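When the chains are written out, they are named A, B, C and D in that same order, and each has its own residue count from 1.
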């Protein structure tokens, strides 16, 4: 984004560039309880040259060159799910990205959920549970909790709002972002107030498109 | 040239890229021209092409006129064969299940290394580009097709930063860096189709686009190009290719 | 089992003892395309002393002692699933053991399935697909294909047959096993002939109990 | 002693084991007495006990009278909180999500090492036992409770083969071997309840079972036992414990 670009070019902000698979394996190592995992990418690139945290390694089994990426255990993970029970047993439909590894790796996990369901519902289909309750520290029911982006099978991104946001921060990476945060994040007193700013027509349109994943 | 065969350079890229794909292949595609080209190939000569998206999708079928805004959206999953974690779909590359990786490029050098991170030095960059995402993984682990704009500032002798490795410094340096598999296979631009010399791994013109000559390609390139002995002239887009492409990108999101 | 015990005590047969997690991580390494994975078990035990294939390793990140277990890529994996399409896209309900890692790790995969379903059925619920078709080399429709053991949600083990088998091989580890193989494996000309030996009442009882997983 | 309070030694093991569990714990349980004891605890003082099975089950609730033949059967999954891969359920131990591992034992030594592989030398064993399964992983990664028969040939100075590590050679040797977490917590037999000395890591009698004296325990043990300063006498099984246990193991599969 232009915001990221602005801050990197201006300097003084901390950030790290890893490949997606490297990040995935870092969270996975964290979730598996091991201090690293071996991967075969990033080697030979300047992405690796910038990352002294990763270590090149000659495989003692095959002699191949590999990269060891260190485990990453976030202090807190915030994950939005379609449904979970009050203990935190969570079902996730469709795209799950790195959410499961994140939940296993993080020291604390806060779930937001479209809907809290009973533990009885969870126990009727235990092979649909993707995150077990003992990873989870808090559960918060927040319908439209992934707004203005999407929640698989429930709503698609709220495009008019997303596009207005992008136009705003691309035009003014610092002032535009500050203004957006003031108006849409710090301003609203409740989640419903935030959703009101997105607008009911926008929400309904997104929900309609979200359900279309099942419409064929 | 009939009316229907006029085309934009993005359309040219998509069509020439689609021609590089073979039926039955498993293709990892990024958003934009790659997604478009893979979908086009699927509707023309590759009905059994399997498209993978970084968001975690296997066997995507994009509906004409409903291109997803990114490859991370639920729209990419509709009628797919499988949805899985985004690290897991990248691991398929590492296990060797993917035939072709297919993406766009901002800056490329004579050995097919791609830069999508920084113009200038990483410590004090002139321009910050979007960064690797899964690009480094895809380029590290499979055979790559890259579709990009042909400009002298984009085709440079040495990229400022290797985000996604091609053949590194040529010769065997890719394998020696720990990347025994894959490598840059084809680069497609609005001027030509490029491969890489088997020994030196330097970029080589394989075919010129219709109406383009050698000099025009060399003049727009920041390093000395090789030209294949059997240098050929690419066939122009057919009416069927253009019509199908326009049906897929109905709203001209990527081909305007 | 007494059969295993007989052959180990008599000697002359090859076998290896690994912990379950070590085996799981060996298949997982194979499926991930890396030559090893690190684990924290088997250390300090005689199980490790017998396994020179695994390597003790001082972690370059934390200094901890770890064990590196080598990837295992079977030549062929035979996996039974509830349903898959003719290309090999497979759905697995309930217990999956190490089947998914096995499918990813093996050089060739043969699926047997209770039911071949259309690719269209697979595409209606892509997040239920557990094995992607490009891992799979052959698909064979074999109803009751996991007999005399169970298939989750379809049938429980055929206990009278299982108990008769166990009694037979425990009494005579070599002769009993040979006799069982002759009679039940080499003898039957078709799968249906094999199932007939188990007996229809046995099959129906197992199927009835198998479906009971959904009956509450 | 009333009629209902007569009991088999397997019942005694199950009841004393159940008493070791605390509400809210996550317990990895093997088949037989461990499964029975965990289920008993769940029905008595630990309604919030989470039982894990190696087959890949989290939060199992075993129905009274319907004990599964193994922990790999679908019957173990009914009304569970989650079903997952069998390597993944073991990884929960490695990540530190499990409070207690709970299994039976064939042979144990003074440092709590368990042998379930060979009697005699591995190269030419007198007896082959079932082997580790996940036992080595569980014992390596969490705090263990073991329920087993008390016989001199089973309680030996040094096991023939360490299948599942306890405190190895005592002192800090477990941590030095690469196992910083877990260790043998309790051993339950028909004679006594044992712990391990904090320094030497040698086996120590914590409580004698009803009607058992020190000498009886020592005479049935192949090494010199420590006795806790606060050595106590275990309360006999209550009517409620026995009745609940018999309801769970209705067909006397594990308690005959």
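As a working rule, a residue touches a chain if its C-beta (ideal position, glycine included) is under 8 Å from a C-beta of that chain, and two chains touch if they have at least 3 such contacts.
Everything numeric here is computed off the predicted structure, so don't read it as measured data.
> Please state, in steps, how far chain D lies from chain B along the shortest route of touching chains.
2
> Averaging over Cα atoms per chain, report the distance between chain C and chain D in Å.
So the centroids are 27 Å from each other.
> For chain A and chain C, what's the span in angstrom between their mean Cα positions?
34
> Calculate how many whole Å lie between the centre of chain A and the centre of chain D, each centre taken as the average of the chain's C-alpha atoms.
Averaging C-alpha atoms per chain gives centres 40 Å apart.
> Which parts of chain D, given as residue numbers and ranges, touch two or more other chains?
Within chain D, residues 57, 77, 79, 83, 91, 94 contact more than one other chain.
> Enumerate the residues of chain A that touch no fewer than two other chains.
Expected reply: 33-34, 39-40, 64, 66, 94, 124, 126-127, 216.
> Classify the inter-chain contact topology: is it line, ring, star, complete, or other?
other
> Which pairs of chains touch each other in this structure?
Contacting pairs: A-B, A-C, A-D, B-C, C-D.
> Flag every residue of chain D that touches chain C in the complex, lowest number first.
Residues 54-57, 69, 72-75, 77-79, 83-88, 90-91, 93-94, 117, 122, 124-128, 131-137, 140-141, 161-165, 168, 173-174, 177-180 of chain D touch chain C in their complex.
> If you look only at chain B, which of its residues touch chain C in the complex?
26, 50, 57-59, 61, 77, 79-83, 91-92, 94-97
> Mind pulling up the chain C residues that touch chain A in the complex?
33-40, 55, 57, 59-62, 64, 66, 68, 70-71, 93-94, 124, 126-127, 216
> Using the touch definition from the top, list the residues of chain C that touch chain B in their complex.
Touching chain B from chain C are residues 31-34, 87, 89, 104, 119, 122-124, 126-127, 129, 132-135.
> Once bound in the complex, which stretches of chain C touch chain D?
Touch residues, chain C against chain D: 4-5, 8-9, 11, 17-25, 27-28, 39-47, 50, 56, 64-67, 94-98, 100-101, 150, 152-153, 156-157, 159, 210, 212-213, 216.
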